[in-house]
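Labels for the chains are A, B, C and D, by order of writing; each one numbers its residues from 1.
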């Protein structure tokens, strides 16, 4: 198993942890954090491929991560705002109770 | 380097996993901060200095702050275990799905012949990075700027009410 | 070791040579570790002592300003006061409330001190004296600084006390709000210097006009504006008066420090002063030309001395401000940050861009360049100030003795 | 070649710039707009003085500067500036009087909060007028001419919330348009036949020998020389602008505008434009004098029109009860004098009278404005009176203006210029009728001016407003004084004893003659003036009326004629009855066509369309709807079934997502395996 694969496995596991959190926990904040974890896993992949990959376009992996970070920040801000709105709407933030859109 | 890598990997996974099992939301948030730091350490190890510090600045500095605020603003009772244990069926389903994803992906990773092209990875200086950013992905930079502004305003609008102050705005 | 002649070069090199000398006695294998260790010890020692005497100086200066002697019992003129305080703090009982979250309650001060010390790693104290010359040093500094906010929150939350919690939330709001102007005030310097490494920024400010006028960023329009914004934001970031809302004694007992006592309290105190020193060091590095001498003929004095001098003067300014200004209200704090400092800092970016674009202008046009840059800063400053202070006329104290 | 000429455009440019600035200033910025306007005009006044100096240095040359505006096909449209004593003198006069009027209106418009707009319009007006003066191309002149018309429209209708003002503005605009139509036709014809519109172009201009010879050579229908026809067409424009007989009706109504505007329009600029135009194209008008085989000469028409206008205006002025209307009609008659002078071949006399008239008429209007402003906008002279005690300065200056206009001998400019005109008319070989008309008008002028003065200033105040009037601020009286001084002095520029003005304009050396050419004629005209004054004094001055309602003494003498005059010869009604009717009839015819013909067509088309629609609807209801209903039922059912899957629970969706992802990865692996 070469280092690249190790990195990929690491990111996969992190992604899985984030996914499990998102699926298992009912607290909206935790779900959001799980999503953040998955994002970070993706970033790990970018960096890994940039680090071990062919040095043709050296910086693109990093640039991707920079954008991903920016988007993550925006996503966190909006997500937290949504959660607060949700809390104001239904005195708690349990996601499985926020089902007013069901058909 | 393998030693450093394994330590970092262990830190990342352990803290993440532990955070996901904790019952106290604030603890989760703080433990995840450790995870962010570990990830930043991974970036450092991979030679992406700038990204590492940006990661700390954004995740530890901003996002975790926002999370903590969300926790405090949506908290029923002080130190209340805000997390009721999820009912087992969901947990089982979640674990199985997560395992499936991890397994399939891992299988795919392991059986694809991936050889690191460069043993000693490239090192990018901040100046190069800036030059590159001002190059082809300039449009993307602008778009990201627009996205951030929109998110900022949107956050304020969504969370705005006689109660809330500017905290969401500042992430 | 070979002791060179006792000249400026020797003095310049002295600390490094001392370190090498000490490293000479340890085996090769652990030499890098040993060097790092020595650096840490040196920083700790210097700034520990600085902290100790800064507290004393603060109390003395405050005393002078408030027309009282200040501490003067322990030792001649109270020079031993800090040590007395230290002993007192160490011997005091360490109380942890029962309802508190013990782990976090313990971790908070540790993390705080750790992060506020970590920031010193990238500050160039002298020509040779920089612990790690990081390529992204400034970013590193802010990353570490951002992390200290967490510690404050931990403290406030862990002690499970409503005052502490309020203080923590206030602290977060304040720190986050003032991080923006801080960063925005630093960006112009980076734009001009073209690097994120503090050492590089200092070198970019090297040189003098006819031997006396140094090329420090402070002496440019955008630099001046940036420095002022930076100073205000730094005051707020280090929770010092007039921005000391988080530990506003009169409102929140002692804020997030309420439930802390003894050594942990001392740690918080120390961390606050370390943070202040670090921010001021950054200010010196970015705007006051770091360890550069103000005049060519004065450059025989070793660089770290200059750095120390500038740092000390800034610290004195901070103490002076604390003695002079009353505390702001929360909404005033927020308004200042979001409606005044941030817009001005953004304008400053435009100004520095203009400055860079017009760098090639010839001598007479230089006047235009200066005038334009200054007006771009000053006019909005006046207008914004008018707008913000509208309606806040001079207050009438009806019951004050006149 | 005069180095000053290429920069001549600066003279109109300054006020136009001021107008632009004033137009851009918000309502609040009256100070800015005012100061800019005044400064601009003062600047062009200084420039005009420089121009005058350099023009007088060489009186006989027409210094020109021509440039190509744009290429059009083969030919090029060319514009240019022209500097000769005529232009220079007019420029100085316009800028000087204009400046004084501007200063006056600062005080007059103090209460009005649209003053910024007002001054912008004033500057535009002045700039356009100066453009008319300096232009060396009939085209450029026409452009500025129209600009003057626009500005006058804006200014007369400045108080557009007053319906009368709006109507007056419209009337002025349309009436002058009628004249300008002729002007434009003449312009086109001239450019088509002479090939250029430049006046002077080093021998190729349309006012120079070559072109004139070509113009006089050919004749058009009715035995008119081509030049005569063109000249008469251009004269239409002039008549429209400076209110000659058939087209004079707009001028009295234009009094609805603010008084400074009346002063500007009637004294200095707009009405002068017509006279100036004729003076400018004088060689063209003069061209057909040489020929004898033509049916009529252009100038003859001009002379008769002028004479009629002079008499008519004077007649009407005697019966008006509104200060400004009296002055307006007197303007009409004075313009008639100028046209008469032009017609009888002494254009220098015309310009002389134009200059003197500009000063004393501006003086009179500003005096009237000062009276009105002081009497709280009371303009009816029956309701004024007795102001001489309260407004001494105004009274004095007004008296000066009045005597100048009435032509009191020797010390007032009006006398000299009018005498010059009458002398010219006397020497005219064609006919003596204009002379007699002019002489009658002289008497009438003296009469109505005396009447006006007596009514306004003498006797007891007849209303509260008049009783409480008090002298205005120096800002308003100072211009009066200055103008009064000028009204006295300008006359001595052109006395027969020292005819500097005539000589300069004509470009001859100054040749002094006797103080008066022929004593008997002068004595006669003085006698007429004395008669007019004394008659008016007997009627109005000796025992001034005491009540506002008291009948006008003149009306007691010849009531029907008085009433007819008061109704302004029923000219407006006449126009309404003739031209108005005609147009209305045409409109009715078209309306009828519209209703009967077009509506029928449209209706039938609509009817057909309606029937088609009905058929269509039947088809829909029978056939399509059933199918649609069935289909939508199906859709609704499917949707109901499908929406059961929509639990609205985020985790459920996420689970499905993850499962799908796993499946995709497995597929990818199996594909990759092969």
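The working rule: a contact is a pair of C-beta atoms (placed from the backbone, for glycine too) under 8 Å apart; a residue touches a chain by one contact, two chains touch by 3 or more.
What you are looking at is a predicted structure, and each value in this text was computed from that prediction instead of being measured.
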Note to self: Roughly how far is chain A from chain C, centre to centre by C-alpha average, rounded to an integer in Å?
What the structure shows: 35
Notebook entry, point to check: Can you give the whole-Å distance between the Cα centres of chain B and chain C?
Noted result: 29
Notebook entry, point to check: How many angstrom lie between the CA centroids of chain A and chain B, rounded to a whole number?
Noted result: 6
Checklist line | Intercentroid distance (Cα basis), chain D paired with chain C, Å | finding: 75
Check: Listing for chain A: what residues touch at least two other chains?
Finding: 19, 23, 26
Next item on the list: Identify all positions of chain C at which a residue touches two or more other chains, and write them in rising order.
Entry: none
Margin query: Please output the residue numbers of chain D that touch at least 2 other chains, ranges allowed.
Written below: 651, 655, 658
Notebook entry, point to check: Taking touching chains as linked, do they make an open path (line), a single closed cycle (ring), a hub with spokes (star), an all-linked set (complete), or other?
Noted result: other
Note to self: Taking the top-of-page definition of touch, could you list the pairs of chains it picks out?
What the structure shows: A-B, A-D, B-C, B-D
Check: In the complex formed with chain C, which residues of chain B make contact?
Finding: 26-27, 30, 33, 40, 49-50, 53-54, 56-57, 60-62, 64-65, 68-69, 72, 78-79, 125-127, 165-167, 169-171
Next item on the list: Over in the complex, which chain A residues touch chain D? Could you list them?
Entry: 19, 22-23, 26, 31, 95-96, 98-103
Notebook entry, point to check: What part of chain D is in contact with chain A in the complex they form?
Noted result: 642-651, 654-655, 658
Notebook entry, point to check: So in the complex, which bits of chain A are touching chain B?
Noted result: 1-10, 12-21, 23-27, 29-30, 32-34, 36-37, 40, 43-44, 47-48, 50-55, 58-63, 65-67, 69-78, 80-85, 87-88, 91-94
Notebook entry, point to check: Tell me, which parts of chain B touch chain A in their complex?
Noted result: 1-2, 5, 9, 12-13, 16-17, 19-20, 25, 28-29, 32, 35-36, 39, 42-43, 46-48, 50-51, 54-55, 58-59, 62-63, 66-67, 69-71, 73-74, 76, 82-84, 86, 90-91, 93-95, 97-99, 101-102, 105-106, 109-110, 114-118, 121-122, 124, 128-129, 132-133, 137, 140, 144, 147-148, 150-152, 154-156, 158-159, 161, 164, 168-169, 171
